[in-house]
Amino acid sequence: MPLIRSVFQDELDGVSQTLLDLTAMVCTAISEATTSVLNRDLTIAEKVIETDDRIDDMQHELDGRIITIIARQQPVATDLRALVTALRMSADLERMGDMAHHVAKITRMRHPETAIPTELIALIKNMGETALAIATKMGQVIATRNVDLALEVERDDDEMDQLHRQLISTLIAPQWSHGVESAIDLTLLGRYYERFADHAVSVSRRVHFLVTGNYS
Amino acid sequence: MATNATVVSAMKPTMPWQPTRGDRARSVIRLLISALLTYGIVALTPLKGKLAYFFVFIALSTFITAVDKFRAGGKKAAQDSFVSALALTAGVIVFLPVASILFTTVSRGVKGFHKTLLTDTMAKASITDPISMGGILHAIVGTIMIVLLASIISVPLSIMTALYLTEIKGRASGFIQFLVQAMSGIPSIVAGIFIYAAILVNTALRGSAIIGALALAILMIPTVTRTSQEVLRLIPNDLREAGLALGATQWKTVATIVLPAARSGLVTAFILGVARIAGETAPLLFTIGAADTLNLNPINGANSALPYYTWRTLTGGTPESMQRAWTAILVLLIVVLALFITARSISRRRIS
Amino acid sequence: MSTTVHTTVAPREISTRPRPSDRLFRAILNVMSYSSLLILTLIGTFLIFRGFETFRDQGFKFITGFEWTSNVVDGVEKGTFGIGAMIIGTLLIAFTAIAIGVPISAMTALYLNFYAPAKAKALLTTILDLMAAFPSILFGLWGYFVLAPMAEYWAKLLYKYFRWIPIFDAPQPAFARSPFIAALVLTVMIIPIVTSVSREVFSQAPLDRIQAAYALGATKWAMIRTVVIPFGASGVVGGAMLGLGRAMGETVAIYMVLNIAFINNLHILYGVGGNVASMIVQKWGESGLVESKALLAAGFVLFMLTLIVNSIANLIVRYAVKSGK
Amino acid sequence: MSAHEDLNSQNDNNGEDMTIANAQPSHAAPKSLSEVSANRLKDRTPGNAPLGTGLEARNIHAWFSKHLAVQDISLDFAAGTVTALIGPSGCGKSTFIRTLNRMHEFIPGAAMAGEVLLNGKDIYERGTDVTKIRLQIGMVFQKPNPFPSMTIGENVLSGLKLAQLKVTNKDDLMEECLERAGLWNEVKDRLGAHAGGLSGGQQQRLCIARSLAVNPKVLLMDEPCSALDPGSTLRIEETIGELAKSMTIIIVTHNMQQAARVSDYTAFFLSDGGPGKLIEVGPTNEIFSTPRDQRTENYVSGRFG
Amino acid sequence: MSAHEDLNSQNDNNGEDMTIANAQPSHAAPKSLSEVSANRLKDRTPGNAPLGTGLEARNIHAWFSKHLAVQDISLDFAAGTVTALIGPSGCGKSTFIRTLNRMHEFIPGAAMAGEVLLNGKDIYERGTDVTKIRLQIGMVFQKPNPFPSMTIGENVLSGLKLAQLKVTNKDDLMEECLERAGLWNEVKDRLGAHAGGLSGGQQQRLCIARSLAVNPKVLLMDEPCSALDPGSTLRIEETIGELAKSMTIIIVTHNMQQAARVSDYTAFFLSDGGPGKLIEVGPTNEIFSTPRDQRTENYVSGRFG
Amino acid sequence: MPLIRSVFQDELDGVSQTLLDLTAMVCTAISEATTSVLNRDLTIAEKVIETDDRIDDMQHELDGRIITIIARQQPVATDLRALVTALRMSADLERMGDMAHHVAKITRMRHPETAIPTELIALIKNMGETALAIATKMGQVIATRNVDLALEVERDDDEMDQLHRQLISTLIAPQWSHGVESAIDLTLLGRYYERFADHAVSVSRRVHFLVTGNYS
């Protein structure tokens, strides 16, 4: 007998697809936000900010859809967990979009100056790339529900924490010469990347719940 | 749109599916045409008599209606109207003899009513005497006694058999069911001569009410059994299971739940059984002897009964005796009708 | 849980020994239910026991013979008894009644269930039930006084126009007290049984199926053809068989309208006929000892005849009901 | 649809309704929440033309003798949509749905008021051939009711036989209907078997196939799954989803989840002691997420009183 | 419970089972997720003593003639809990539940194997008075079946009459039972009326009240709501919740939501062509959120195949 | 007829109650975190950190419970929205607990030094009090589902933003004399309070969705 419930299955698949779409948008956003802050590129920054609005809309739409599916299909067990998990993932993804938005806002705030002193460009670039890598990997975790891959995301996050610590120690080192204002900018910038990665970890962890039904 | 935009204006109920005045007029016209044609055909052909009118009219009106319907709705509609005409005809055919029987019986029977009809016996009168003499008291009493005795014998047997079939459903159920059905086919005369052959031949016993009742009981058993069985079968099985699940024994379940639930149905079964035997003539010819006087002793001495009395008076052959027959049969008919109405009102009460 | 015990487990015997009250109850019903067997056996036994001498003396000719004479020679009662004509007459009348009555009954049942307006339905149902309750002697009286004159006229018409059909032919134009008239009386008598059985079955035709047919655009007749008749055909057959059984055993009414004679007659319009039950009544009054034994033997034959017809009817109904589902 | 050519030519209103259906239940403006359903609708009305304009009920009242059972219900059923009728027992859902194909009139003493427009024509108009109406508005009942005396194949074609229609290629039609009802694979090897041998759910799909054979525009279903187990129920729901691509479906259900699952629009009826009335109608998403009327909310969320 | 004194003294195993129930369905270790249900359980087993140790089915097999319908089912029903039996049609739920109060044996040719322990005693033991067993294990059926020849009040007390038990204060008992079945307020003014006049849902509650009158320890319910509308269904579910405080309840249901709503434990049966088997049993929360067996997951989430 | 569904109603009430309990814990946490950071009180800081663990556990438990309720009761319309909203609120509340935790961690990190220069004590105290006030009001919004009160929370959040801006301008002012490290601490501290208030606003906004079914 073939699988029944085809409509429901289509709807579940649609939710997964939207999560992947959101992930893709978030990846673009963080990558472009990094570019904008490194290159003082206001146009790209504006684009990121705009993307975030679209991410927010999409998230709202997705949440509404998930609630409708729960109301109409009344799923239980794995199906219900998948939907509730999607609901939470979408919140994380939205926050990740916000973080990219915040990064882009720093570009805008300092424009036409640069927010990043030359000696930190490499570090920030590294953070941006790590963030992108984590987000990409997170997308794979969503798509494959692979719990092992989720662990890798956590390891990448450790790397991000490492970079973050490195950033702070640079700021508080006596050699620091760019003043308090710049330090504050960079503190926040670092925190944004760090939080971005945290949210990615959180999304990956939710896959664990989805698969096993338990919080790890 | 779409919400109940509170049109409180009271809409009038309509029945758009019912024939309109136009439709009715059309069918009246069809019938008139059929009647005219019938008249013409009977006048012009060798067909004669009421019967000819009847059949020609039915055939014509059926045909004309079918043709008319065909023009409006095609073959489907024509077939439909043809069958409905046939069905109506059958209903009329069934109606006619009953009307005739009732009319004949009442119109002929009432002529024999007189003061002492219900209070006197034929002890001092002969059946060929003028109508105003004698009466049928002895026959009425005899009928009542015989029916009661037959019921006393057959009802318990019947209900227990029905219970066996519905409650115990024992291994022999199929066989017993078969026997009961076979019994319902026993011709009444066979019941009569059986009792005669079994009891009256070669014994000192003579015909009496009880002997007649035995013959009638044979006829009553299958009717009561089968009706009771139907009634008991209608009691949902859930009820029995509910009783058993409440810790009752089967006997208790039957006595407290099944039988009370079936009570009115069982009464109906009993009355139908009585109606079945009250008018029986043939078995009594061999079994109750022949009495013209009142005999209150059910187990000894010849007795009479209404159908039996009718039979006897018929054989008299004179106008007086014929008149007595019609009158007796009218009384019997009234008795049977009363039973019948009682049974129906009971079963109707059960439905509501 | 469900600890996969793969051993084959033997059913355990459940001790369903009921309480004494239940055992008594079941025992009583068991015994009582055999009363019908007892009665049937007794009927058969007594009739054959009393009629034994007749069977012995007459042999097979008791069934096939057409002669019934009895006389006293030297104080000894002697006779030749053959009820062939009676049996043939009984069957002829009964089948004729069925042939006329069943179509009318079936159509009436359809009319009642599907065509009649509420009032007509109530009236006609009452009338049918009434008919069933009429004493048979009443039918006899009515048949004799009212129906017979009319039917004689119909018989003449039939004879006139249809005598080319063998059964409507007659050796002489004598139509009074013919099997035809007896059959008409019987028809009226069996219509209520056949109709009520058919109506009952038709009315049980499942409403949901009826509605399904209508919802598929059926006219009333198309619906009846597709739903009601397949469902109820067995019921009509059953009703017809019941009617047949009743028709074969009818005594008094036939006695009054039929000219009983020991002549083999298959022409229904011809005023000579036979009927076992009526013959017994006719001969009973003046019969001597030997003849009355012959009458009891005739009763036994009638008994067996109705028993066989009814058994066949039951088999047919049972088969029809099973295949209908 | 080739097998239907003869049938179509019977339905005399075939050419005139080629316009796009504009009949829409009241609050039908597309919302973000209803995207899923909107998608479904899109699937279901490809060219829209063969589906006609759906069915419109205008101010329907229905009486049983003097008893007003349904009061003033106006509902539009857009072509190619599934509308669920929900409401507590006795609120007149069955009565209403039975006025839509003129089955109401079988009850002695029944009366009605209002109009039911099929392709713009009132089906209660005088002189209408009611059997033709019922051919265009099929019905599936609560209990599966195949004709037991017929084989599976005969059952599918029984509508043609009953309505005395001719069809050129019976086998094709039979296969097409069974296919659409989602039963073909299960019965293709035993079309000659008696229908009684099928399971309840299969019987119900057979009844659906039977309705399809006369090529109705509208299919009414009165609690079609209430006598079935959940597996068969889901199977039927799937079939409904498929069918809605080519016809208008109206389904009465006691099962709120079912209404939520299968329908595009939901109408809530309530009786409050008096006659049944329409309380609210709207896209199913809205009825089950943000109903406007408190009584609707109470009903769909299982609260009473 | 005062009205029950006489009855209790009838049940000869009254004093011996004052120990705390330790019979627990298998994976019954309390989980964080099951807190709600755990709370319910707490409510329901106040002193635990009057509830006994519940019911235990051990390796139950059931046959219809030679046909094995139910194979090797072992289930413990802890006192004061509600256990739902779910599974597709024909998987033997009804058969199993009917072995629990010896109703199975009414079917000609029925046979069984295994043991059913009520307070540690096998109800199939030789010499057991089966009517007494059925007094202690009540049953409510699919279709409401009050005794039509009795009034509402008589119906409630019919169990006493049937089992020929005496009770001191009939009126109190009647009120108590109707109260517990949640029907008292609706019928208190017409106890003398015939039961046929009640609605379906009320009739079913009357049947529950009837079962309560003989003070059973266990109540079996075979799809008690499948013939009822959703309102009455919720009402009955509420009653079940109340009753579980004072007795052990086992309910068969086709309605997954109902199982989810009313039960503390859920057992999933499946037949797979052969005899019905127990696939999984556990706290309802787990069965409906994280079932262990894929087949259970498929069933509860409406997937088949 | 009385309300049926009493079990379900009890469960819904239980969820609301847990949300209120969580709110109370969050209020205590933020208030104590402020105290700890102002008074260099390590004991209180440790207590806050520990409270956060309890908040996390409680949130997990609540989420599990909500999923169970959805699976078992299959709610629709307002009931379903209430549960989904609770699911999101619990996430916000958990983040609010985290923020208090972060504040307390700053106390611990700087101990036995103080993290707050004297001139900022008043400002931080003010931020702490505003945060508490917002959280308290949020609790009322949860309890009463009062949409107007939710607007007040947003106004209070504006005040918080104002304080935050004031803090940053103090840090970047030329008068700043406490070095980069302190500035970084205070930047993060400020951000924690600001995010705390943001989450409270987010919770209040969800009440709007709960009541109307629309995102405002």
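Each chain gets a letter, A, B, C, D, E and F, in the order it is written, and its residues are counted from 1.
Criterion: a contact is a pair of C-beta atoms (placed from the backbone, for glycine too) under 8 Å apart; a residue touches a chain by one contact, two chains touch by 3 or more.
Since the model is a prediction, treat every value here as computed from it, not as a measurement.
Colleague: By the touch criterion stated at the start, how many steps lie between chain E and chain F on the shortest route?
Modeller: 1
Colleague: Max contacts between which two chains?
Modeller: After tallying contacts for each pair, the winner is B-C.
Colleague: Which is it for copies chain D and chain E: same residues on both faces, with over half shared, or different residues?
Modeller: same
Colleague: In whole angstrom, what separates the CA-based centres of chain B and chain D?
Modeller: 47
Colleague: Please tell me the distance, in whole Å, between the geometric centres of chain A and chain F computed from their C-alpha atoms.
Modeller: Using C-alpha averages as centres, the distance is 22 Å.
Colleague: When the centre of a chain is set as the mean of its C-alpha atoms, what distance in Å lies between chain B and chain F?
Modeller: Each chain's C-alpha centroid was found; their separation is 88 Å.
Colleague: Between chain D and chain E, what's the gap in Å when you average each chain's C-alpha atoms?
Modeller: 39
Colleague: Residues of chain F touching 2+ other chains?
Modeller: 4-5, 8, 60, 64, 67, 71, 74, 76-77, 80-81
Colleague: Would you please write down the residue numbers of chain B that are in contact with two or more other chains?
Modeller: 76, 249, 252
Colleague: Two or more other chains touching the same residue: where does that happen in chain E?
Modeller: Residues 131, 231, 234, 256-257, 260, 288-289, 302, 304 of chain E touch two or more partner chains.
Colleague: Quick one: which bits of chain F touch chain E in the complex? Just the residue numbers, please.
Modeller: Listed in rising order, the residues of chain F that touch chain E are 4-8, 11, 14, 60-61, 64-65, 67-69, 71-74.
Colleague: Which residues of chain D touch chain A in their complex?
Modeller: For this pair, the touching residues of chain D are 32-36, 40, 231, 234-235, 238, 241, 257, 260-261, 284-285, 288-289.
Colleague: Within the complex, which stretch of chain C touches chain D?
Modeller: Touching chain D from chain C are residues 118, 206, 208-209, 211-219, 222-223, 226-227, 230-231, 324-325.
Colleague: Over in the complex, which chain B residues touch chain C? Could you list them?
Modeller: 49, 51, 76-77, 79-80, 82-84, 86-91, 93-95, 97-98, 100-101, 104-105, 156-157, 160-161, 163-165, 167-168, 170, 172, 175-176, 178-191, 193-194, 197-198, 201, 218, 221-222, 225, 249-252, 254, 275, 278-282, 285-286, 307, 310-311, 314, 325-326, 329, 332-333, 336-337, 339-340, 344
Colleague: Going by the contact rule at the top, pick out the chain B residues touching chain E in the complex.
Modeller: Residue list for chain B touching chain E: 169, 236, 238-239, 241-249, 252-253, 256-257, 260-261, 263.
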